[in-house]
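Chains here go by letter, A, B, C, D and E, matching the order in which they are written, and residues are numbered from 1 within each.
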Amino acid sequence: MPAPAIIQPKGLSDRLTALFWRRPRLLLGLLLVPPLFWLGVVYLGSLFSLLIQSFYSIDEFSGMVVPEFTLKTYAELFRAANLDIIIRTLLMAAAVTLGAALIAFPIAYYAARFAKGRWKAVFYLGIMLPLWSSYLVKVYAWKLILAKEGIVTWAAGITGTSSLLDAVLALPVVGGGSLSTSYIGMFLVFTYVWLPYMILPMQASLERVPTSMLEASADLGATRAQTFRTVVLPLAMPGVIAGSIFTFSLTLGDYIIPQIIGNSASFIGMAVYQLQGTAGNTPLAAAFAVVPILIMLAYLGFAKRAGAFDAL
Amino acid sequence: MLSDRASLSLRIAAGLGLLFLHLPIALIFLYAFTTEERSYAFPPPGLTTKWFAVAWQRPDIWEAFWLSLQVAAIATALALVLGTLVSAAMSKARFFGREQISLLILLPIALPGVITGIALRTAFGEMGIPFSTLTIILGHATFCIVIVYNNAVARFRRLSGGILEASADLGANAFQTFRHVLLPNLGTALLAGGMLAFALSFDEVIVTTFTAGQQSTIPIWMLEELIRPRQRPVTNVVAMLVFAATFIPILLAYYLTRNGSDVAGSGK
Amino acid sequence: QMTAVGEGEGQLDIVAWPGYVERGDTDKAYDWVTKFEADTGCKVNVKTANTSDEMVALMNEGGFDLVTASGDASLRLVAGKRVQPINTDLIPSWAKVDARLKDAPWFTVDGVHYGVPYQWGPNVLMYNTDVFKEAPKSWSVVFEPQDLPDGKPNEGRVQAYDGPIYIADAALYLMAHKPELGIKSPYQLNEDQYKAALDLLRGQRKLVGRYWHDAYIQMDDFKNEGVVASSSWPFQVNLLISEKQPIASTIPEEGATGWADTTMLHAEAAHPNCAYKWMEHTLNSNLQSDLSTWFGSNPVVPEACTDKSGMQTKEGCTANGMDDFEKIHFWTTPTAKCEQGECVPYYRWVSDYIAVIGGR
Amino acid sequence: MPAAVEFAQVTRHFGNVRAVDGVDLTIAEGSFFAMLGPSGSGKTTCLRLISGFESPTTGTIRIFGEDVSTTPPHLRNVNTVFQDYALFPHMNVRDNVAYGLMVKGIGKTQRHEKAEEMLSLVKLSGYGDRKPGQLSGGQRQRVALARALVNEPRVLLLDEPLGALDLKLREAMQDELKALQQRLGITFVFVTHDQHEALSMADSLAVFNEGKIAQIGTPEAVYNRPATRFVADFVGSSNVLPPALTRALGGPDEWASLRPEVTRLAATGPVTATVTALRYLGSGTRVVLDMGGTELAAIVPAGQPLPEPGTQTAIAFDPAALHIMAGA
Amino acid sequence: MPAAVEFAQVTRHFGNVRAVDGVDLTIAEGSFFAMLGPSGSGKTTCLRLISGFESPTTGTIRIFGEDVSTTPPHLRNVNTVFQDYALFPHMNVRDNVAYGLMVKGIGKTQRHEKAEEMLSLVKLSGYGDRKPGQLSGGQRQRVALARALVNEPRVLLLDEPLGALDLKLREAMQDELKALQQRLGITFVFVTHDQHEALSMADSLAVFNEGKIAQIGTPEAVYNRPATRFVADFVGSSNVLPPALTRALGGPDEWASLRPEVTRLAATGPVTATVTALRYLGSGTRVVLDMGGTELAAIVPAGQPLPEPGTQTAIAFDPAALHIMAGA
């Protein structure tokens, strides 16, 4: 007798499987509920409650939050000094993103196209290890490099380039007493600590450019430089955008580096941290926090359209 | 032949870039041996290995270390479960709100850490959850999910969708398919994602400052230590040891995810 | 208000200035926690705060029993009902407290005491003795552009404090140099006086490379960043001197601002019994004596200067400014209502000082 | 005896794509049934409806007489050889083949024995310890076959199993598959878009077009008597004659088909054509003609004289070979 | 007039893989030259040697008489249609086609004009604004063609350009490519592993085996007179007869080949065979025979009687059709 065409279910797991098969949405729901509870309810909820906070104000003398709806805090946010902070942060984030992209590109390009076998592993480790080695200790190491009596000055003294260093420090706005108290120094440190976040997605998207594409370009008569400009660069763009999400966002929110390096002028992250943590002015901190949220949401929207999510 | 070899300028630029990435690290290593204890000056006045012994004997380091280990382990485990669930759902079907969910998963790392930190702090405050090891773990899990998710989703994408159907076709129910087909194939991706998440959690300071109570993880310990210098080289010793300890998992993660993703053009 | 001190709860959470509650792990000789813990069974947890604003914020958030609040925080805490009145009868050593401080206005409201004095001291002018062969006479070295005695300009080589209360230091300087403004107290400024102080600080912005915020980072800056003069606490001065750095401090002729700190009890303190035990403990002459040498401050129990119960000596107290009590303008919170009538309140100090540091 | 598979008015829509659109279909037990059609015509969807990976939007599917609308794939005694084989990359060949038995809870020795048996059936004895990645395309295909057969399914579904193989291997596998089916007597449902493959292997075949079945029947019937212009065109590289031309060539005023092999070149005839191209086939030469705008092909066997491109010629054929398409 | 492409003792080794191994080759200008061979036989490597993406390990390559050993790809007036098309995904179709002109510095209007011209040549006018991702496989193939032709190369290289297309589309594209080559008069070098494709399109073809050329000649020569067993086997699904069998059938004691189309079934003959399988081809039926361990095929045209599988039969053929392979 031939085997039956339909096998009878045995046990709960067979029945459950049948149920999932009949109701695919049920399984989907079961899969999504726990993560969505956390991210969608708790995390988004807390972002939302932060947003609400920004519509409260603070009692000026006692420093207690007055939970009444008001736009006073936003009026405060738009004071010139606070706008300065926002603009300063945005400029720094943009500069850091640009700087990181410029430094990252050759590394990512080399790692993606030319490094083979063992060198590939060397590059991978070379990029990953700085990423995972203590951020704080790195920043302090930089303080030592950039200090007035630090390594850069020492090296400049040895190489006889002190006057060049002085000329750089004498630049208006970005210069300062020493590299460690100037925007240049801060820019360097930011660029340094976020660099791996730029390299990795860049490398990933460069690796996805098929060799045949480069060959097609050469075949059609393009020189290496032309191929680079017209084919490699545009195809690497999603990776650059994905990387810039990180560098931009991380700079927007960092409060430790501006506290240690730079000239004490406040940055958004520092303002949020100080207003919330040390000044207890949660409403204004929240209002400040809304700025990077809006900027990053817009940025993510743009990145999504540029197809950068796949490169993350 | 077209371009087996990089041009000189590219090699120089890449080399300098790598140097830029590693110079400060070399410095960290150097200053783990300096004899000056309260602050750093260049060049170091003398070299000693005593800080390793000192670090070994400092109970606060061990406490912070165990806490960090505990936090990273549990946060990674949580992230593994949650991240795998979403990635399974996301690769399984196209459904309404899919795009929004992918955005949502990205949010905790796309938004600056202060924002995540302050938001979670207010949320915990409002839910009446006291700040403790638990809140640190929850904070870390939030941004670790995306690391696991990215790794798992990439693997799902590479996994020929057929093998899950093949399993059902051969008579396996959903649980058998998960156990015998999905898990073994997702395994290395999850391991790699887990290790990266672990390393990320181990070094996190910004969100932690907001979600921690009186506990200090290794980075928090370092923050306090660096601001209030006593035996400052000890922080470098710790940084160096952490660096050495992450070397292995990162290398492992690399070899686990390497196959198929490192060949030019084979990404998708 | 408590009426009796019972058994300790086994734990005590304190918000304190750095260096204020030492348990001997920076220097074995300075430990006033270990024995307290052994005697009372109250385990002490310390959270350090770097500014008064941070302290207020921590107290607002809760979870702490005690705070070592300075005068610019204490009244805010009282007004915000974050701290509770103290029953001085439960603190036997209360009688020994310096008479000049017992009813000081920064913790006494309508005759009710909201804390126990802890330490007090001036904000000194710290300077590098390689540059200044003799002590600078005036705060002008940090306020006005000028060449320092080594012939180089002071630009980039001086620092100022990264807290809004520093506006008072500018006002104090103006009190001496621009008498026509009629400043009576650096904490009570009308619009004109306030504006003049801000202008002075804006000028100072061009001289200051980085504001100091953290005691230890300021020490680094004096060592590595070429900073040679700044307002500071005796704490940093003592530590730098102990490291054999060419550092000294002075109170210039304009006088100085200063702080007088009070241990205050949180309104919802979870461990009030331990807290009362701690307050009593802080007033013991040995602790006051050691703390004042450690921090470079003055004891609130005058006998600690002389009774040799700790490391402090009469000369030491004099050096720390014990006799200059009248010359010191203690930090208090600026309020809208003041002796002149209308004054600029503290919240404006906060945002305006951020603006000044931001270069506006 | 009920049919192995029966579709009754089955449709499957994806959004507004009608992947399968009102299909009636009966597959006899023990037959080799081919589904032929251009890309996107719904062949794979039909197969997935049988295996249970899709559910019909409307209509009923019966397997051996039983309605399977509530039966999930793992409970259907139907197995599939997937187009990309879908071998489990983490298991060796033996475990791949034994998978179906393992999930049924059959012991290790027993299932390995059976797996070896299957491997020898597909001529892969001795390959049990390799990983799928270490096999060639044809070998993988055979592992997939062995894996699907181990459960002794009553219907075996094959979705373009030979699509990825090169011509030589493909012909060898066609022979093997056909022989295997005859030996086992299982019902094979075979999807392909290769006409030659369908014609040479099937007992019966269905030609799909845009989700509908254009014709169903034996290979001879489909090849010689295409029901519609689409079938004529798709299946045989047949010449399709519009009504006017059919009449001019002596037939009725209807669409007709004429196979190139029966089309001969002649010196005279009712209609003349221009030779536009010659294509060497090895076994002969395909002469492409333009007959008043209609393209026709004639096959000249090897060894016979060939016309020059550009010259005029007429055509001749056995009138019985002209097939009139009623349903066109 | 020098040949379009000339290989003199060219080898290309990768480590110890001899991808191309001592190849001599001459491709006449204006011809359609096909390279045929199994996977891994070195066809692509030869093409890349011409385009300049590989350099010979030893030997010389001449293009129109000039030694190109120092000429980089972008300076060779040779263009390639890549197997995967390699269209630039970030450019629209028009910019893809105009790319070769753009890198030469030709102005926008002029190059767009030329691009449109090329697009109309490949019947894609009006598709200029689409991105490659929005095209079907056949359309992409034509864009790749237009892009390669825009530079007016003197040699066009095509690496299995039709490999990814389905049969129907493939046949249509074969006709188009052949017509285009005749119209433009450019030399086409065409790589494929599909015998039918090579035979029907090429003026001349080279059969590759393990990096060497097994035979080079016209399609007729290769099909009818295979030089080696490999060629006979690979090219025509030919029957390959071992020396003993050749002699038994009346030939010399040599390897020989016999095409199935000229093999007829007969009632009697010197050797008998067993019918093992019948395969319907539409135009006839392929009868598979086992003749003393050698597998043979004979094609029975449609309409003639077919033997039953398992029965015995003899074969007959025109002795002239028996091709003796000297080089086997």
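Everything that follows uses one rule, which is that contacts are C-beta pairs under 8 Å (C-beta built on N, C-alpha and C of every residue); 3 or more make two chains touch, one makes a residue touch a chain.
Note that the structure is a prediction, hence the values are computed from the model and not measured.
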Pair exhibiting more inter-chain C-beta contacts, A-D or B-D: B-D
Taking each chain's C-alpha mean as its centre, the one farthest from chain E: C
Interchain centroid distance [CA atoms averaged], chain C/chain D, Å: 90
Inter-centroid spacing, chain E versus chain A (mean Cα positions, whole Å): 52
Whole-Å gap separating chain B and chain C, where each centre is the average of the chain's CA atoms: 41
Residue list for chain B, restricted to those that touch at least two other chains: 2, 40-41, 168, 171, 173, 176
Junction residues of chain E, two or more chains touched: 53, 73
Residues within chain A bordering two or more other chains: 7, 14, 17, 144, 147, 149-150, 210, 212, 215, 218, 276-277
Chain B - residues contacting chain C, complex: 38-41, 125, 130-131, 213-214, 227-230
Chain E residues touching chain A - in the complex, by the definition given at the top: 51, 53, 72-75, 78-80, 82-84, 86-90, 99-100, 102-104, 147-148, 150-151
In the complex, chain E residues that touch chain D: 38-39, 166-168, 171, 175, 178-179, 193-196, 199-201, 219-220, 223-224, 234-237, 259-261, 277, 279-284, 286, 288, 299, 301-302
Residues on chain A engaged by chain C in the complex (per definition of touch): 58-64, 76, 79-82, 84-85, 88, 143-144, 147-150, 176-178, 180-181, 259-260, 262-266, 271, 274, 276-280
Contacting residues of chain C [partner chain B, same complex]: 13, 18, 25-26, 45, 47-48, 61, 63, 214, 216-217, 219-220, 223-224, 243
